[in-house]
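What follows is a pair of complexes built around chain A, which joins chain B in one and chain C in the other.
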Partner chain A sequence: MFLQLLINSLIAGAIYALVASGFSLIYSTCKFVHFAHGAVVAFSAYIAYLLFSIWGLNFWLAVILAIIFGAFLGWLINVLVYRPLRRKKSSSVILLIAGFATLIILESLILMFFGADVKTIDFIQTAEGLEFFGAIITPLQIVIVIVSVILFILLFLLMKKTRIGKAMRAVADNTEVAEIVGISAERIHSWSFIIGSAIAGIGGILIGLEQNLEPTMGTNLVIKGFTAAIIGGIGSVPGAVLGSFLLGAAENFGIWYLPSGYKDAIAFVILFIFLLFRSQGILGIKKS
Partner chain B sequence: MFSAYIIHLLILIGIYMILSLSLQLAMGYSGLLNLGHVAFYAIGAYVSALLALAGVPFWICIILAGLVAMLFGFLLAIPTNKLKGDYLALATLGFTFVVYAVTLNWTDLTRGPLGLPGIPKPVLFGISFSDNLHFLFLTITIAIISYLIIKQIARSPFGKALQAARDDELAAEILGKNTFKLKSYSLAISAFFAGIAGSLYAHYITFIDPSSFTIMQLIPVLAIVIIGGLASLEGTLLAAIILTLIPEPLRFIGFPSSIIGPARQIIYALILLLILIFRPRGFFGKVKLE
Partner chain C sequence: MLKLEKVKKYFGGIKAVDGCSFAIAPKKITALIGPNGSGKTTIFNLISGILKCDSGRIFLGDKNITNLSPHKISNLGLSRVFQQAHLFDNLSIEENMSIAIDNEDMKFVKNLLGLNRISKEKKQKIKEALNKVGLEKSPQHLCGELSYGQKRLVELARAIINPHRLLILDEPVAGVNPKLREKIIKILKDLEKAGETVLLIEHDMNFTFSVANRIVVMDAGQVIAEGTPANIKNNKQVLEAYLGD
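Presenting the complex of A and B:
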């Protein structure tokens, strides 16, 4: 039982981390809560479903197109919604409400086009689970964990080694100084949205393969991603990944004591606790 | 038939007015970006419905609906007191999800996803409000009373202190105002009226389930408050009328209801987005959204 819960925590953590890392990347450079991030995850998953399950495209082609779509959607939201608001020097609260409105628009669009019923991407027939000391893990779940670990390493290398990653960190640290040394903050914002949303797209597809697709899945995921980011330290991508695994563990071990329907409520209670007592998160540094 | 439809719309407008006027008190006058307002609405609806189904008279149901919601307003104010802006918005939004999870999972009390059917129509002083015209009078009366009370609160020294704390918390504290007390009273009063609105909704529709109180329901209310303009009660009333009516033509074009639902949400969210981009103060807003 313990081992099974541990494995479940790991898988849930990997899924949350796919959402939280992109969210956190965008937060670190743009300094606002990109609420519509969840809708990017959901929309990419539905596009993969549309291309593969309805139009019958080759699976890998469908996956690549869905990821590109996710990146494009994130970029588009930034250009159409956030950029005009930033130009007007809107407060981060306005950006948050705008993101919330965007999320509702995208979820409603999904509802209109795909209907309210639950969808599944049936690429992988339910395979026999592998057994480890009495705990069961499916091959797909192993893939999810491996893909997310590879992505986090790539993201880490991107942030540390490449020019664009360094520019992102500069903007995250101090936008004004970064602009003085010739980095275009607007361009970095765009790149954060593209990269963050591409990760969201990959996350969406993996979630779609592992669980069912529902129009409102995005809201739930963005709240989880946000909670994970707060736990780990908002604006820190490694923090978000750490927070995701902790959140996954808290939820899965929490339902040892509580009915499983309260899984989501556990996340919010943790969110409250962190907002109250350690709003800078575990890895975050408190700014005065 | 047509007039029945008009009466239905007017009742909805009345309920939205109470709901958005109360959010206006928290958001506009106290500067608390409370995205948990729907949770108070849900609490009011469930409290009132459960009491009414247990045979409690309507006037007790609706008052207790308000009071229980108020109590939760206090409870929410305690942990969120120090939070500002984004953090407050997300913490209060989280509260909506917690309430939703409880209504969905505490099946012994709420019957979970099955919902509560057969909520009795109100009877007050021996008058039954079972037909919609009577219900409309009841809704309008309560909406007017709510408006007058909230207006009075906004004008009172307490309301002035709230606005002072909104504009400059430190200055208000230096003048000896207890801003925690101010903010928590404001949130509690706001929750009280949301609970009243929830009670009216429950007794009007006579059926409630958790899906009636998701964050989707927040969008119209938030749109009304922001479009009307922060700290403007008249703007809120006007926006409540306009926004309730705007998606109605969809019904006559003959779209199926599976399209109308999401289309309404898209219209509200789009209006909200456009107003944030082009006129963030709304029509009659007195303060900026921060």
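Presenting the complex of A and C:
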């Protein structure tokens, strides 16, 4: 039982981390909560479904196009919604509300184009689970965990080793100084949206393969991603990944003692505890 | 090198800069002095693009930089040190320097493929700049963990290696100990010998008169005098602005 819950925690954590890492990357450079990130996750999954399941495109081509679409959608949201508001010096609360509105609009578009009924991407037929010491894990779940880990390593290397990553960390640290040393903060914001949304796109497709698609799937995922980012330390990408795995563990081990319907409640109780007692999260730095 | 023409900046009813005009010559150290609230830092913020001018024009060389964004002005050749140390606290000393040394190349594919790594020559330049300020031994230290004086030195070194034609320094020796002050004076004298153009703000008159070739004096948002340190020392209008009637 313990091992099964541990495996379930890893899978849930990997899924949350795919949402939370991009979300946290965007927060760190732009300093506002981008709730429309959830719509990017959902839209990417639906585009993969449209290209592969409806139009019959090659699966891998459909996946690549869906990821590109996710990155493009994130960039477009920044250009059309957030950038004009930032230029008007709007507060982060205004940006947050705009993000919520965008999330609702995009989910409504999914509803309009694809309908309310649940969809499935039938690439992998239900496979036999593999057994490890009595615990079951499917090949797709193994793929989810491996892809997530590879993505986090790549994201870490991008942030640490490349000049664009350093520039992102510089903008996250102090936008005014970054501009003074010649970095265009707007360009860095765009790259954050593109990279963060591409990761969200990959997350959306993997979640779409593992679970069913429904128009509001992004809302639940972005709330979990947000919770994970708060736990790990909002604005810290490694923190968001750590928070995601902790959240996944708390939810799955929590239902060892509580009925499974309390899963979401466990996440929100943890969110409140962190907001009340350690709002900077585990890896975040407390602002004086 | 730098020319301001009738520059104005009002904050509500407060005339922070009120029709200010002056020019600074290349390869000289020019000091901008004046009593508190005379508009010196506002002038620096207007030159570097942090604030937008209400009217007037600013030229860097022959390029009109009025109201351009700070990163564009930086890439046209302006490098700045702030009144309080402004560093990337979560980045190491070396990362602070490497970001400044070559900031314009942010092409994504080049970045992903690692084609735009900092060259050996640039690494050497960073080392030399850190050597100049005595911080070469700990380039991996996070800037947030440095003392105030060390932060000022890193910021000065970063401004020096940021590709520039004009260096503007806002109170470079404010709040530093006498030993560090001497070090900064030496760095500035070396910069002058190397043919750099520097514009600085400083309240410490002994420091200003020891490093500046030319002085511009401001009061109430306007330029009230310009000249050599010897001329300014004996200027009646300047003495009145500082000492009152």
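Assume the second predicted complex is superposed on the first by the 288 of 288 C-alpha atoms of A that agree within 3 Å, B and C clash if a C-alpha of one lies under 4 Å from a C-alpha of the other, contacts with A are read in each partner's own complex, and residues count from 1 in each chain.
Heads up, the rule we're going with is that a contact is a pair of C-beta atoms (placed from the backbone, for glycine too) under 8 Å apart; a residue touches a chain by one contact, two chains touch by 3 or more.
What you see is a predicted model; the values in this text were computed from it and never measured.
Trainee: See if chain A has more residues touched by chain B or by chain C, and give me that chain.
Mentor: Ranking chain B and chain C by residues of chain A touched puts B first.
Trainee: Looking at the overlay, does A:W256 come into contact with chain B only (first), chain C only (second), both, or neither?
Mentor: A:W256: touches no partner chain.
Trainee: By the touch definition at the top of the document, which applies to A:L111: first (chain B), second (chain C), both, or neither?
Mentor: In the superposition, A:L111 contacts chain B only.
Trainee: Thinking of the overlay built on chain A, is A:F2 touched by chain B (first), by chain C (second), by both, or by neither?
Mentor: After superposition on chain A, A:F2 lies in contact with neither partner.
Trainee: Using the superposition on chain A described above, determine whether A:K161 touches chain B (first), chain C (second), both, or neither.
Mentor: second
Trainee: Per the contact definition in the header, classify A:W191: touching chain B only (first), chain C only (second), both, or neither.
Mentor: After superposing on A, A:W191 lies in contact with chain C but is clear of chain B.
Trainee: First (chain B), second (chain C), both or neither: which does A:E179 touch?
Mentor: The second partner, chain C, only.
Trainee: Once chain A of both complexes is superposed, is A:A170 in touch with chain B (first), chain C (second), both, or neither?
Mentor: Second partner only.
Trainee: Check whether A:W60 is in contact with chain B, with chain C, with both or with neither, and answer first, second, both or neither.
Mentor: neither
Trainee: With the touch criterion stated at the top, can you tell me which chain A residues are shared between the chain B interface and the chain C interface?
Mentor: Correct list for chain A: none, the interfaces share no residue.
Trainee: How about chain B: which of its residues touch chain A in the complex?
Mentor: So the residues of chain B touching chain A come out as 33, 35, 79-80, 82-83, 85-87, 89-91, 93-95, 97-98, 101-102, 104-105, 214-216, 219, 222, 226, 258-259, 261-263, 265-266, 268-270, 272-273, 276-277, 280, 288-290.
Trainee: Taking the complex as given, what residues does chain A use to touch chain C?
Mentor: Spelled out, the residues of chain A in touch with chain C are 158, 161-167, 169-170, 172-174, 176-185, 187-188, 191.
Trainee: For chain C, which residues are in contact with chain A within the complex?
Mentor: 48-50, 69-72, 74-75, 80, 82, 86-91, 95, 98-100, 102-106, 108, 111-112, 114, 116, 118, 158, 162
Trainee: Inside the complex, what are the residues of chain A that reach chain B?
Mentor: Those residues of chain A that touch chain B are 32-33, 81, 84-85, 88, 90-94, 96-98, 100-102, 104-105, 107-109, 111-112, 115-116, 216, 219, 223, 226-227, 259, 261-262, 264-265, 268-269, 271-272, 275-276, 279.
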